[in-house]
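Next, two complexes with chain A in common: one pairs it with chain B, the other with chain C.
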Partner chain A sequence: MSNITVEDLNVWYGDDHALKNINMEIPEGEVTALIGASGCGKSTFLRCFNRMNDEIGVARVEGSIRWKGVDLNGEDVDPVALRRRVGMVFQKPNPFPKTVYDNIAYGVSLNGRGDDDMDQIVETSLEQANLWDEVEDRLDKNALTLSGGQQQRLCIARAVAVKPDVILMDEPASALDPVSTQKIENLIEELREEYTVVVVTHNMQQAARISDKTAHLHLGELVEFDNTDKIFENPEEELTEAYITGRFG
Partner chain B sequence: MARDTFDKQLGDLKAQVMEMADLAKWMFETGVQSLIDLSDDTADEVLEKRHRLAELDEQIEEDALKLVARQQPMAKDMRAIGAALKLITYINRIGRYGKDIAQITTQWDSETHYSDLVNLPRMVELVHNGLNHVLRCYHEEEDIDLEQLVEWEDEIDALRWSVFRECLTYMAQDPEHIEEYAYYMMIARYLERCGDNVCKMAEKIHYMVEGEHLAIDT
Partner chain C sequence: MNAEDLGEELRKGSGELSRRRKTALIGRAVTGLCLAIAVVFLGLLIFDVLRRGLPQLDWQFLTTDVKGFNPETGGVRNAIVGSVYLILITMAVAVPLGVATAVYLEEFAKDNAITTGLQRLVENLAGVPSIVFGLLGLAFFARLMDFGTSLISGGLTLGLLVLPIVVVSTQEALSAVPDEFRNGARAMGATEWQVVKDHVLPAALPGIMTGSILSLSRAIGETAPILFVVSSFIRGVPTALTDGFLALPYQIFYWAQLPSQEVQQMAASAIIVLMALLLTMNGVAVAIRQWSLSRRQW
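And then the complex of A and B:
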C-alpha cells in the first residue's frame, strides 16, 4: 500500500498558523474530500502534497508527509519532479492558450514521454477525461474556445496525461454549471480506479457523493477524519455536525 | 442560528408526525373501546377518521420529501426526516388496526362478550403503554431501552398465542359462538402486529437519536 501519511504537519504564513498538527493517512486509490469553512486551511493542506506552498514566500512548513518511503517535505525532494507524480486541478480552469492537442502534448513532452505515440497519448488522456467525443474534431482549435466545463476536463486530461499517482483538486467544479459539475463528478468516480484523489470542496453533497473518506478542518485543525458515510450520517464531533448541517456559527 | 427556517420546518414536521400519532392512538384506543362497549356509534367515529389518517400520511410524506429536495439535509437532520418518513408508515398501520377493530364491533352479532374477552385487555394495556413510551421518546428525542422493549414485545407475543389456544378451547366447548372467538383471535393478531409496529418505531427513533441501525427481532 502507498498510503500518504501526514505527521505533525504545521504550516505558517508569516505569523499566521494556518495548519496545526495535522495527522492523518490518505488512502491509496480512494477519493478523500477535505471540507471546512473558508479559511480553515484545506487549500493550504492540499498544496502541501505537491509542495505548492514553496511558491509562497512567507509560507513555512514543518512536519512530514510520507509517501512511498519518502518525506515529501524533505530537502532532497525535487518539487518539480514531485508535481509530475502529484497532479493538480484548480478551481478555475486554466488551460494554456494553445490548441486542445498542445495542451495535452506540452506537459507530456516536458516529462520525457515525447518518444511515445503522442497522438495516442492525447486521445487516451482525453478519453479518460470523458472529453474525446466532444473535441476529437477540434483538436487544432484554441482550448480557450471550449466551454468552462470542457476546459476543466481538459485540465484533468492534461493532469492524467503525464501519468501521475495522485491528483489534487481544489474545488474543481465550483465554477461550473450543474451538467458540467455532474460530468466532473462522474470523472472523479472513474479516476479513483487508477489514482489517489484528494479534493477540496465547499459542497457537502458533492463530498458525500464522490468521496470515500472525508476530513473536516476548522481553523487549521483536523476536527474529524472518517469514512464519508459516517461523517455525513452520524459524525462523532459536534463541530462537524454543526458544519455539515449548516448550523455553524 | 444559521438555519432558522429549516429548524422551524423540522419542528413543524415533527409536530405533524405527533398529530398523526395522536390520531392513530385515538383510533386504536377508541376502536378497542367500541368493542368493549359494543357501541356501533363509537366504532363509526373511528371508521370516519381513517380518511384524516391517510391525509396526514400523504401530507407528511410530501412535506418531508420537499425538505429533502430543498434543504439537502445531512447528519441528524437527515436522520430526523428519514425517521419521520418511516414512522408515519408504522403509525398509519396502528391507526388502521384501530379501524379494523372498530369494524369488528360493527359486525358483532351478540349482545355481550365471552370469557371476559380472554387476555385481550392485558394486550391492549401493553400496546397502549408501549406506544405512549416510544412517542414520548420521539417527542423528547430520547433514546429507547431496546432490551426492555424486546421483553415487552415477548409478553405481547406470548399473550397472542395464549388467546389463540384459549379461543380454540372455547370454540370446542361453545360452538354456538365460534364467530366471536374467531374475532377475538383476529384482534389478538392485530394487537400483536401493533406491538411489532411499536418496535419498528423504536428502531427508527433509536436511529434518529443515536445514528445507529438496530433491528429488534419481532
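And then the complex of A and C:
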C-alpha cells in the first residue's frame, strides 16, 4: 500500500497558524476532495504534498507526510525530485507561453526522458486529458491561444506526461465555464484509475460528484474525514453538516 | 422622478454637473499648457541646433578626423568611432553584470535585511552624479589599474555608471513575469535555475533588451564620466583597448568652449550627429517594445 499518511502536520505563516495538527490518510488510487470555507487552509495543505510551501519564505511546516516509507517533509527530501512524482494543477490555467507541443515536452525532457518518442508521449498525454482531438492540428500554436478550459486540460496533460504517482489539483475548474468544468470533472474520474488525486474545491456538488473521500477543514483544523457519501449524507460533525448545507462558508 | 425632473438632470449645462465640467476644463487647460511649454523649449533648442549645425554637416564632416589644431579643417570621424567603441565596451560590461545581478536579487536572493540593503544601494547608485563616476574611473581604472587615458578606462567607467540602471530596469522586466509561470515550472520538477533559464528570462527578454538599450543610450551622451580619461588631441581611431580615444559628447563640450564662431557651429553639427545616434538607439528600443507587446499573450 502506498497511501499517504499525514501525521501531526502544522503550518505557520509567520505567526499565523494556518494548519493545526492534521492527521489523515490519503488513499492510493482514489480521489480525495478537500473542502472548507475560504482561508481554512485547504490550499496550504495541498501544497504540503509537493513542498510548494518551500517557495513561500515565511511558511514553516512541521510534522510528517509519509509516503512509500519516506517523510516528504524531511530535510533530506529534494523538493525538485518530489515534484516529478507529485504533479500539480493550479486554479488558474497556467500553460507556458510556448507551443502546445512544447508545454508537454518541457516536463518530459526535464525528467531525462527526452530520448523517448516525444511525439508519442505528447499524443498519449493529450489523449489522456481528452484534448487531443481539439489540438491535434494546432500542436505548434502558442498554448495561450487555446480557450481557458483547453488550457486547463493542457496543464493536466502536462502533469500526466511525466507519469507522476499523485496529482494535486487546486480548484482546477473554478475559473472555467460549466461545459469546461464538466470536461475537467470527467477527466478527474478517469485519472482515478491510474493516479492518486487530491483536489481542493469550493464546489460542494463537485466534491460529491468526483471524490471517493472528502476532508472538511475549518480554520486550519481537520473537522471530518470520511467516505464522500457519508460526509454528504450523514456527517458526524455539526460543523460539516452546516458547511455542506450552505449555512455558512 | 417625473420626466421633467429627469430631463433637467440629463440636460447639459445645469447645476452641479456644469461646475464639475468647468473644473475638468481648467484641468485640461493647465496640463496642456505645461506640455506646450516643454514642447516649445525643446523645439526651440532643436531648431537652434539645426540652424547652426546643418549647413556644414556634410559627408566630409562625418568622414574626416578631428584636427587638434585648426579644428575648422577637420570633422568628427574618430569621435563617432570612439563613441561607438565606448558603447560596445559599456554594453559588454554592464549588460551581463547587470542582468545577472538583477536575476540574483529578483529570483534567488532571500527576502531579508541584507537583500533589502543591497537593493537600496543599487537604487542609490543610479542617482550618484556622473562626475563622481568620472573621478572613480580616473582613480581606479586609469591610475590604480594603470589603463591610463584609454578606451578601456572610458568603457569601464561608463559601464559602472549604467550598471545600476541596467539592474533596476532588468528587475522590473523580471517582476513583470507572472508567478504562474514560475509555479507551473516548479510543479513540473524544474530547479530554480531551470525556472529562470527556461521561463522567466525568455519572457522578460524584450523588457531587458529595451531597458539595456535605453541605459546605453544614456551612456553615449555622457561627458562627465569620461572627462578625465578622454584624449583631447589624438590622430586616427583607436585600434586597441589601451589606445587613447575621442568621443562625441566630449568633442561637443570642448568645441563649444572655443572662441571661434566656426568651431562652435561645428559643435552644433556634432550635436546633430549625437542626437541621430541617440534617436536611432531609442528607436530600436521602442521597436523591440512594440514588437514584443504585439506578440505577448500574457
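Assume the second predicted complex is superposed on the first by the 248 of 249 C-alpha atoms of A that agree within 3 Å, B and C clash if a C-alpha of one lies under 4 Å from a C-alpha of the other, contacts with A are read in each partner's own complex, and residues count from 1 in each chain.
Definition applied: a residue touches a chain if its C-beta (ideal position, glycine included) is under 8 Å from a C-beta of that chain, and two chains touch if they have at least 3 such contacts.
These numbers come from a predicted model, not from an experiment.
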Three-chain arrangement built on chain A, chain B and chain C clash or fit: fit
First, second, both or neither for A:Pro235, with chain B first and chain C second: first
Partner chain in contact with A:Asn50 - chain B first, chain C second, else both or neither: second
Chain B versus chain C as contact partner of A:Thr245, first or second or both or neither: first
Touched partner set for A:Leu217, first chain B, second chain C, both or neither: neither
Superposed model, angle subtended at chain A by chain C and chain B (C-alpha, nearest 10 degrees): 140
First, second, both or neither for A:Val61, with chain B first and chain C second: neither
Which superposed partner A:Leu110 touches (first chain B, second chain C, both, neither): second
First (chain B), second (chain C), both or neither touched by A:Cys155: second
Partner chain(s) touched by A:Thr145 [first = chain B, second = chain C, both, neither]: second
Chain A residues touched - chain C or chain B, whichever exceeds: C
Nearest-approach distance, in Å, of chain C Cα atoms to those of chain B in the combined model: 32
Residues of chain C that touch chain A when the two form their complex: 110-111, 178, 180-181, 183-191, 194, 198-199, 203, 296-298
Footprint of chain B on chain A - complex, ascending: 204-205, 208, 232-235, 240-241, 244-249
Partner chain C, residues of chain A touching it in the complex: 50, 52, 55, 57, 80-81, 83-84, 87-88, 90, 92, 94-97, 106-107, 110-111, 142, 144-145, 155, 158-159, 162
Contacting residues of chain B [partner chain A, same complex]: 1-3, 6, 72-79, 210-212
